[in-house]
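Please see the structure below; I have some questions.
Labels for the chains are A, B, C and D, by order of writing; each one numbers its residues from 1.
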Amino acid sequence: MTDSLSRAPLKPAAARGAPLISVRGISKRFAGLRALNGIDFDVAQGSITSIIGPNGAGKTTLFNVIAGDEPPTSGTVMFDERPLIGLAPNEICRLGVSRTYQSVRPFFGLSVRNNVLVALLYGRRAVPARGELDERMAGILEFVHLAGKAERRAEQLTPLDRKRLELARALATEPRLLLLDELIAGLTPTETGEMMDTVRAINASGVTILLIEHVMKAVMGLSHTVIVLHHGEKIAEGEPQAIARDQAVIRAYLGDAATAVIPADT
Amino acid sequence: MRLRAFLLPGAVLLFVLGLPLVPFDARVYVMQELTLLFLYAGLAQSYDLVGGTLGYINLGHIVFFGLGAYTVGILFNVGVPLAAGLLAAIAVAAAFAAVVSIPFFRLRGAYFSLATFALVKLMEQIANNLRGLTGGSSGLKILAENRVVPTYYAMFGLLIVAVVTTLAINRSRLGLGMKSIREDEAVARDFGVPTMRIKAQALMISSAFPAVLGGLFVWYINFINPAEVFGLKMALQPVAMAMLGGSGLAIGPLLGSTFLYGLEEFIWTRFEHLHGAMLGLIVVLVGLFMPGGLARLRPVERLLERLGLKEDDQ
Amino acid sequence: MDIQSVLQLVINGILGGGVYALAALGLALIFGVSGVLNLAHGEFLMLCGFVTFLGYDRLGINPFLLVFLIPPVFFALGYGFERILIRPLALRKEHVRLASATLVTLGAALIFEDVASFASAGTEFDKSIGYFIGSLTVGSVVLPSLKLIIFGLVLLLMAQLAWFLKYTYVGLAVQAVTQNARGAQLSGVNTATINGVAFGLGTFLAAAAGALEVIHSSVSPLVGLPLTLKYLCIIVMGGLGSFAGVALGGLIIGLSESIVGYFTPAWGQTVAYLLLVGVLLVRPKGLLGR
Amino acid sequence: MNRSPRRTPPVAALRRALATWLAAFALVAGAGAVRAQDTPSEIRIGATVSLSGPYQGIVGPFGKLASAWAERVNAKGGIFLKQYNKTLPVKLVMYDDKSEPTTALSFYERLATVDKVDLFIGPFSSGMNNAAMQAALTHQIPYFIPEGNDAVLFDTPNPWRATATAQADAEYQRLSELYARLKGVKTFAILARDNLHEIAAAQGFANRLKQSGYQIVYQDVAPKETKDFASIILKIKQANPDVVSVEGLAPPWTIQFLKQARELGLAPKDVVVSHMPVPVIRALGDASENVIAMLWSYEGDTPDHRELDELCKAAGIERWQYSEAGVRFVTYRWIEEALKRAGTLEHEAVRKAMFEADFTLYGGDRVRINEKGYGSLMTYPMQVRQGRLVSLWPLEHGLAAHAFKDGRW
């Protein structure tokens, strides 16, 4: 597994292609404080892009804005030439944007199968036919290593399995853009490696991925592009290695480490 | 579904259907008791579609009962036959449900319960004030002579429909959407569930049953007034019954209403005072120690399993 | 309709709204902090009304003295209520917890009501204190002294509450939990205790309202649930988590009842609930709700 | 059931379930099957009383009152029925109807079929009687209505029910007669609580006053929930009536009105309250002086008065506190009369006698039942003096005894 970590990132399949999603001037204010301030960036079709930054930098808020959970104070998000701002989350989901949550939020009272079924039945443009449904279900559960646990209640799952379930649920909507919020944080090295492979595999299947991560190994190992947020501003964007050497970034992290408090974006 | 699953329901069905044919003196009394039981069970069952499956505790469920009662009563007095009246009642209730769902379903949790509870009082007072239409506090009398046996069958039939509907919905796409909303509404939306529409649908479906029950009720009791059909205690009854039996399970409201109603009957015929307190105590204890309700108690679960009536609510 | 009548109506409305606001504030406090819909709230009002009546009727103690003596006891009652009946539910899933809490408080309400009815069997079912202070009249406008005094007390209690919430640690904690329970917990607030305190305070306010109620009007064993409902209206209208909103809601209901009631008594009572629905339509979060 | 051995075949479980149903079934059937023998050993009277719910405050103790009556009758050996040529004791079967019509109805069914009663005493209020009456019709059992005199009960034919009281709108007849001859009042304000009975009674009062040439300057209906009467009082003040009459069954309603009326300086010549004056007197203290109240009996010194007082004492209540006790008293008396007249428990005969009964009370008031089923009992006007109630009846005595309140609170 460890070698998979050291493996050099694969070049984006269509990195030079038109951006799948382009964020322009997104700002978000909560009573006074600015969570986001004029964020611009593109995510290339088929690429893996990481968003990093100290706690409270506004990463999750940015996800919420893209997913339609929180309206921005200003700015636009174009997804495949379509404006997302103003659409309801369920509409955005059906357009092909899906997500996982920083602190996992499966439907705890429902079985693993039903968790995924919700996404299969509601998350896609067309309601799939019965036969195809079971097939898809089996495939997804197999892919995330939950095949044996379909009838368990989500609340009975281990932390790792809960993350897997979140991933399964997200995949069930057949997303074109996948937003992964600290999917890897809190996993053992082995689990980390395995999860990274899974992410690569998803990406290889043509799904563009935007992820928030603190685990630097994962960030460096996975991403083609890294975006750094600090106090709601984008302070850097570029190839992983370049970012690792960027002074601004280092300052942000060290400066922040001193004044670290409870995460504001929980 | 396994054959044995039909054994107990079949037995109950036979008993209920056969009862009116058996001649014995207390027949009418027993039938009237059961009629009321069916009424409460039907209310609890239909309440639970919203309260249990959707996870929104609707303390205003009784509003639809009152609407139904008045619709049928008023129409009956101008010569509209019962059947037509009942259909009208359904229409009125569903329309009302659709309208209120817009402002009310923007509220979450206790906030929603609270607003729906207030709705009960609002309806009572409106019914009081529209004297010309409803007869106000003087009540609405309909000139149908009391029909025990038909009401008995009708309410039982409706209860069955309610149970079947619940089972069907719990297995359906709509039902899954409702459950996902119950578990985590924001997440449900993130995964494509059109929450507003589903909530409205759920409320409209659950409103149809109390509407018909209300219609049958006025036909049965012949005289209603706002304080009765829009009563606060009446409003809380189905909620308590559903939770007592096991919210979210089709069998739950049935168990709950049978248990609570039987208990009430027992207490009221045995003790002279403090019935309310005894009942209240039971309700408190259930709330404290049986969050899952009777149906989720181990022994009960085992029994249900043996009878093939166990459902999964995941 | 002459200006003095209008003035009279407005005065009546404001004075009437005061007592509403007081008990409603208690319920809002409980609801805001614990998220529990306390159907037994009105019962405490009823209970305190009873005790106050007995204190006056049997022991001949001045009712206003009782207003200061008895309600504090109800703080303990409310705290115990939360401790025994609400806290055990804390760990349940959100909608289950809400359901259980509804059951528990409903059951408690039934018990209170029935025991009170039983206790007053044979004696006067409806308690009311025959206490009167002559009214002041300005021109043809009457200022009912009793209600003025009561309104004064209401303001006093509200001021105390405001001070408590602003300047004491517990008060601030209460507010913090109301705004964002999880956040407060993470920053080291003992939410369990705060819940207890909130119930204590809320019950105390209800009790105070009850004592005042039995002086200027009357209290019967059955007033609990209907009153609770009216208070619910007020806090929904005023806005969740906004104590100013509750005061405003109480005032609005008092005024609307007074003014509409002048033209048609029937709709005077209904207007409160109509307003509620109206507010929900335009501002689902309530007038001052966040 | 859960203690049954593991892996019980479903059929066994089912058999058990079935057995339970049948057991319950047989139980009820059995209870019903017990036949009353040809010569009865007792007179079984069935009733429900509101021991809980909104009416508890009005009729709560009447269970005790009924038992007290039964004891007194049985102390005398019971009631003589000539068909069996012996005196039979009275046996009461009572349930708590929770003040709910549906509950009342099913209990009356139970009384008819399980408890096999020979006659009914109805519950309180027109709403409950209207529901419960249906049992009387189904099982053809005589049904004596104590309190329930609104048109809704009598506009549908049901030969098995009747009441000793006059129709609701005649409730104020005696007071109207009094005012008709009283000098110094011209204008009236009448406020009724929004409820079937109160509205009818108030309307009747208004009509009778108009007939005697008086003016109704204010008449309105206010909801049960009303707690703040300030607006209504303001309006009444502007109408400036000589007499203010408040018709409300529930004391708190009346109490709040009067307290606020006093507070806001409403000062009419006379104040009339109906029903349940005692809590009102207590709540108003001295201010209740000279308030006129309508009650179902009056102060006097006839044997009937004494018997009524003894009944109340035995039931542990004060007569004036539960004004409706007067109606109950008359109803019991009426039942005795009807049974003696019928001389049997045979339902049709008792029903006839129920209508034919004709007796006098308080040495002069004749009680008869008309063909519609209404009786002739009406409320008596009384007035508060130093916290006690004194009669304004008989009429001549009333005219002499009446004193204006003249706005003194």
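The rule we apply is simple: a residue touches a chain if its C-beta (ideal position, glycine included) is under 8 Å from a C-beta of that chain, and two chains touch if they have at least 3 such contacts.
Small disclaimer: the values here were computed from a predicted structure and weren't measured.
**Student:** Using direct touches as single steps, what is the fewest number of steps from subunit B over to subunit D?
**Tutor:** Step count on the best path from subunit B to subunit D: 1.
**Student:** Among the chains, which is located farthest from subunit B on the basis of C-alpha centroids?
**Tutor:** Farthest by centroid: A.
**Student:** Could you quickly compare C-D and A-B and let me know which has more C-beta contacts?
**Tutor:** C-D
**Student:** Of all the chains shown, whose C-alpha centre falls nearest the centre of every protein C-alpha atom combined?
**Tutor:** B
**Student:** Distance from the CA centroid of subunit C to that of subunit D, rounded to the nearest Å?
**Tutor:** So the centre of subunit C lies 35 Å away from the centre of subunit D.
**Student:** Could you grab the centroid distance between subunit A and subunit D? Build each centroid from C-alpha atoms only and quote it in angstrom.
**Tutor:** 73
**Student:** With chain centres defined as C-alpha means, what is the inter-centre distance between subunit A and subunit C in Å?
**Tutor:** 47
**Student:** What is the distance, in whole Å, between the centres of subunit A and subunit B, each centre taken as the mean of its C-alpha atoms?
**Tutor:** 44
**Student:** Quick check on subunit C: which residues sit in contact with 2+ other chains?
**Tutor:** Answer for subunit C, listing residues that touch two or more other chains: 114, 117, 121, 226, 266, 269-270.
**Student:** Which positions in subunit B are in touch with at least two other chains?
**Tutor:** 125, 128, 182, 273, 275-276
**Student:** Among the residues of subunit A, which ones contact at least 2 other chains?
**Tutor:** Only 108-109 qualify.
**Student:** Hey, which residues of subunit C end up touching subunit B in the complex?
**Tutor:** For this pair, the touching residues of subunit C are 31, 35-37, 39, 85, 88-89, 92, 94-96, 98-104, 106-111, 113-115, 117-118, 121, 225-226, 229-230, 232-233, 235-236, 240, 266-267, 269-270, 273-274, 276-277, 280-281, 284.
**Student:** With touch defined as at the start, can you tell me which subunit C residues reach subunit D in the complex?
**Tutor:** 5, 8-9, 12, 16, 114, 117, 120-122, 124-126, 128-132, 135, 137, 142, 144, 146-147, 216-223, 226, 254, 257-259, 261-262, 265-266, 268-270
**Student:** Going by the contact rule set out above, which residues of subunit B touch subunit A in the complex?
**Tutor:** 173, 176-177, 179-180, 182-184, 186-195, 312-314
**Student:** With touch defined as at the start, can you tell me which subunit D residues reach subunit C in the complex?
**Tutor:** By the definition above, subunit D touches subunit C via 52, 54, 56-58, 60-61, 194, 220-223, 225-228, 230-232, 234-235, 238, 250-252, 255-256, 259-260, 262-265, 278-279, 282-287, 316-317, 321, 409.
**Student:** If we count contacts the way the header does, which residues on subunit B are in touch with subunit C in the complex?
**Tutor:** Residues 51, 55, 57, 59, 102-104, 106-107, 109-111, 113-115, 117-122, 125-126, 128-129, 182, 232-233, 236, 239-240, 243-244, 247, 273-277, 279-288, 291 of subunit B touch subunit C in their complex.
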